[in-house]
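This is the structure I want to talk about, given as structure tokens.
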Amino acid sequence: MGKVVEISPTTRHEGRSKLVLQVDDEGIITVGNWISVTPVRGLEKAVLGKPMEQVPKLLSRVCGICPVAHALAAVEAIETSIGVEIPADAHTLRVILHCANRLNNHALSNIFTLPDLYIPGTDRKINLFSPEEPMRSIARRIQRIREIAQGITEIAGGEAIHPTNTRIGGMYYNITSRAKQKLTDLAKEAVDIVKTQMDFMIAVLRNFQRRDWTEIGGRQIPIPRNLGYHSEGYLATDSLYGTSSRTSVQSWDPDHLREIRPWNFYMGEVTIDLEDSTYPIGGTTAAGTVVHPKREATNAIPLYNGRPVEVGPRARMALYQGFNEKGTIGQQVARQMEYMTDVHEILNRLDTLNTSGKVLTDPIPPGDGKTLAWATTEPARGTNVHFVRVREGKVADYSMIVPTTWNFPVCSKALSGAPWQLAEVIIRGYDPCVSCATHMIVLDPDKNVVAQNLIR
Amino acid sequence: MAAPLGQYKMVLFARTTDKEILRGAQNGGIVTALLSYALDTGIIDGAVVAAPSRSKPWRGKFDPWRSEPIVAMTRDQLLSARKTGYNISPNVMMIKEATRSYGLDRVGIVGVPCQIQGVRKAQLYPIGMRGVPDKIALVIGIYCMEVFPYQSIVQIVEDHGGVKMESVEKIEIGKGNFTVVTERGRTIQIPLNETRDLEQPGCHVCLDYAATLADISTGSAGSPAGWSTVFIRTKIGDEVWKRAMQAGLFETKPIGQVEPGLGAVEKLAVEKITRNKKTLEDRDFIGTKGLRNPYITT
Amino acid sequence: MEIFTEHVNGIMIHKITIGHIHESGCTGCLAALMDNYQGIFTILDKYADLVYGLTLVDVRKIPKMDVALIEGSVCIQDKLATDEVREVRDKSSVVIAIGGCACSGNITRFDRGGQQNQPQHESFVPVSDLIDVDIFVPACAPTPEALRNVCVMTYLLLRGNDEQKALAGMYLKPLMDLARSPYGSKASFNTLMQEVINLGLCMGCGSCAAACPVRAITMEYGKPQGLRDLCVNCGACFSQCPRSFFDHELMEHHEQIMGMLKAVMQ
């Protein structure tokens, strides 16, 4: 008979979540439950009845580290619903924003995961806040990448956190040729820096992969070869930016989407009976504590073709570029490889940007309420889907499935087989953004569309 | 409250040696010449200035009596923005956008004292001004007693002055009068105490006349005709002024030699501050509760 | 001024302890703090030890600390959250609400529940509605520079000499007053309207329009027009307005203070 251990709260990722883990006598996870306990702000409900212009501004605020992902998915979905095409230069600016935000997020993810990893050839973990070398140089490099990425977002998007330049029908402003030149210089500077960072990260990850153990709470915990492996599928809707329901050839089929409630996925009431006060820092939850994951969870469980799917850099690379490495390390390696894609794409798009081009469509129709539209973006953490119906300029229905929502169930499965002390290392591989993930849609299984009556 | 004229390193009379600028200038052409020089030499890479409104064409041109802020990135744009309009141009509105879609790293800005207060507050308390504080490269202030809403200018010109707005060639406020010069050369003077009620109410609680928070502030008060009085206030102001002088951009006169001089500027500053302090005090006695004083937080 | 030079010469050596607490926010405020880029290392090397902050460090229980930065509003149907803010107040000398949600509710003012898996999560209030908050740093997102300035000034307030304390006290006073004012936690464009425009204080400088993070404010004939259907209740316009608060005596030293802030971040 196994025991139950709880790590709460989990650290070094966005938002608040916890892990409830059933483990066997060797401490190996048999059932992993990773759940969000971030309060549900209910933004999909809050936007109902609001003017469509306001909604992307509100939904940007779903997340302050991937605001661009939500601002863009929201405007694209609303534009699809009301049937407007945006000018080419507006689209170019959006792709630049998208890539710059991905760059920032991959760098942030490095900050979150590096403390789990070792300087190759040593038994020293990487504390980025230490003033010692080589830590300080690594930390400075990551911050410089972020500075460049945020700088590009600020100019093309108006603000680095919660872009102000996006609007229904395009953008508020095109940028001047001077601004374009500045962005080009920034992106060119980034090329070498992100190459160095990518190579460094991959070296550190490969080093971790070769290690037999990692130190946690003063003990050597064996690292399984199959750390974070799962047998579920992948989902990605585009190799770079995203798509929408107006596209004729679709890369995914929302009809295959089902969502179940946490009630049907997570454990019921359990009593914690394994406690480890050495787990850093502050120990695990006290033995005797009663927890109730299926009731406490604030995240949803989306299924695609009846199974959980992984989204994110690895999913994109697996589906579009034949990348086939499994597990936490493979996932992390894929993320580093996107660094280069993002920088080069920014440079390519800047090349095509006409700074005197129009960036706003006119007129902007108010929407007839007939079309439930969707749009996806492919930000740092994976497929982000927004569904919307707009009637007379107001939002009538809204729902979204954000990257980390997809990843909660698949990651929970990927925990099995690992020592419980490595559970957080596995979840950090998904670069979770938990505040985003407290969103819920419900599907009508009898219809081939997302059921309108159940969205409300 | 500190000295009415604020802190300064130097004060003098000056006018620009740039004939093109001087020809169209209200006084000594100080603002345009400084900004143009700063633009040429890379001290700034653009400036927020008030320009004639583009939203409503007037007499076949842009409306000079309704101003709105633009981000000027060339000398031509600066030249199109000359002369003060005495109405409200919300210049601070553009300081953030200048660093965004315009891509500026060193922003110059011109403004009346309250706007300079906005700029300095943006630097010290950048609540909603990300990326702005360190990109403000040159702040030029213009003395100001008060401004008029556009509609007040229309009323003064058309009702008090009895002239159609379209006939106005020049408006000047000073020496106790609101002066309108028509395109046919007629001059109409309306005493300022007659137009007091039509001033922007927000001006009546303003405690700065000489743009004391600017790097360099300037205006016609105290100076001989065709010249301007110039205060060099900060380290940045001092450096820019010295470089401009070395480049031969201005001719100057020491302030002691010529009447009316510094005393006249001080007189106006004291007059404004005293009157507006009184307004602030009076506001305490409106109703039984009084009105909020923005300078005293509780 | 003495104040400025003395500090630069590194007289101060005792670091303060600082923590980041995440309630119902979006982590944008923390991202803004991190957007001080290399400055973060200066702050952590010289002035503050980060003792709590789930997003960045592994500490799982809230320790005692000098300064708590709280981000996000509080869901009153979530006991975890309401207990946590009380615990933060008990364990911190200075509580600073950072960002629109913590100060004035921001977008969470629009929340009204009804969403699974916790449809009862419908009421979100600014932190100062539940506990005493010492300092507000409004706006969505707050700026890296504002967060930096407030951190440095709070450090001086706690560890500086008498003169430095006086300067920091002057600088922070309006932000402290805002935390206690009747309108601080209710801020939105309406506050600018009611406390500035309606009181005859607006002079049309345009600071509010520049500060607005959702482009809700335009200037019409020189005066702010707020599209209230766009306003997210972040309070940036009001706090940025030179007529919300403005201490002439402090602002006169703008050059020295800017210089000091630059020097301490070297």
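To keep things simple, chains are lettered A, B and C as they appear, and every chain counts its residues starting from 1.
Everything that follows uses one rule, which is that a contact is a pair of C-beta atoms (placed from the backbone, for glycine too) under 8 Å apart; a residue touches a chain by one contact, two chains touch by 3 or more.
Everything numeric here is computed off the predicted structure, so don't read it as measured data.
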item: Per-chain CA centroid nearest to the all-protein CA mean; value: C
item: Pair joined by the larger number of C-beta contacts - A-B, B-C; value: B-C
item: Between subunit C and subunit A, distance of the C-alpha-averaged centres to the nearest whole Å; value: 27
item: Inter-centroid spacing, subunit B versus subunit A (mean Cα positions, whole Å); value: 49
item: Subunit B and subunit C, separation of their C-alpha mean positions in angstrom; value: 32
item: Per-residue multi-chain contacts in subunit A, two or more chains; value: 158-161
item: Sites on subunit B at which at least two other chains make contact; value: 97, 130-131
item: Where subunit C touches two or more other chains at once, by residue number; value: 32, 141, 213
item: Sites on subunit C touched by subunit A in the complex; value: 22-32, 34-35, 37-38, 40-41, 44-45, 50, 54-61, 75, 77-78, 80-81, 106-108, 110-119, 121-122, 124, 140-141, 213-215, 229-230, 232
item: Subunit C-touching residues of subunit A, taken from the complex the two chains share; value: 8-16, 37-47, 50-51, 53-54, 57-58, 61-65, 67, 108, 111-112, 115, 129, 131, 136, 139-140, 143-144, 146-147, 150, 158-162, 164, 167, 172, 261-263, 280-283, 297-300, 435, 438-440, 442
item: Of subunit B, residues touching subunit C in the complex; value: 1-2, 6-7, 68-69, 87-97, 111, 114-115, 117-118, 120-134, 147, 149-151, 200-207, 212-213, 234-235, 291-292, 294-295, 297-298
item: Complex contact set, residues of subunit C against subunit B; value: 32, 137-139, 141-146, 149, 171, 173-175, 177-178, 181, 195-196, 199-207, 209-213, 219, 221-223, 234, 236-237, 239-252, 254-255, 257-258
item: In the complex, subunit B residues that touch subunit A; value: 45, 73, 97, 99-105, 130-131
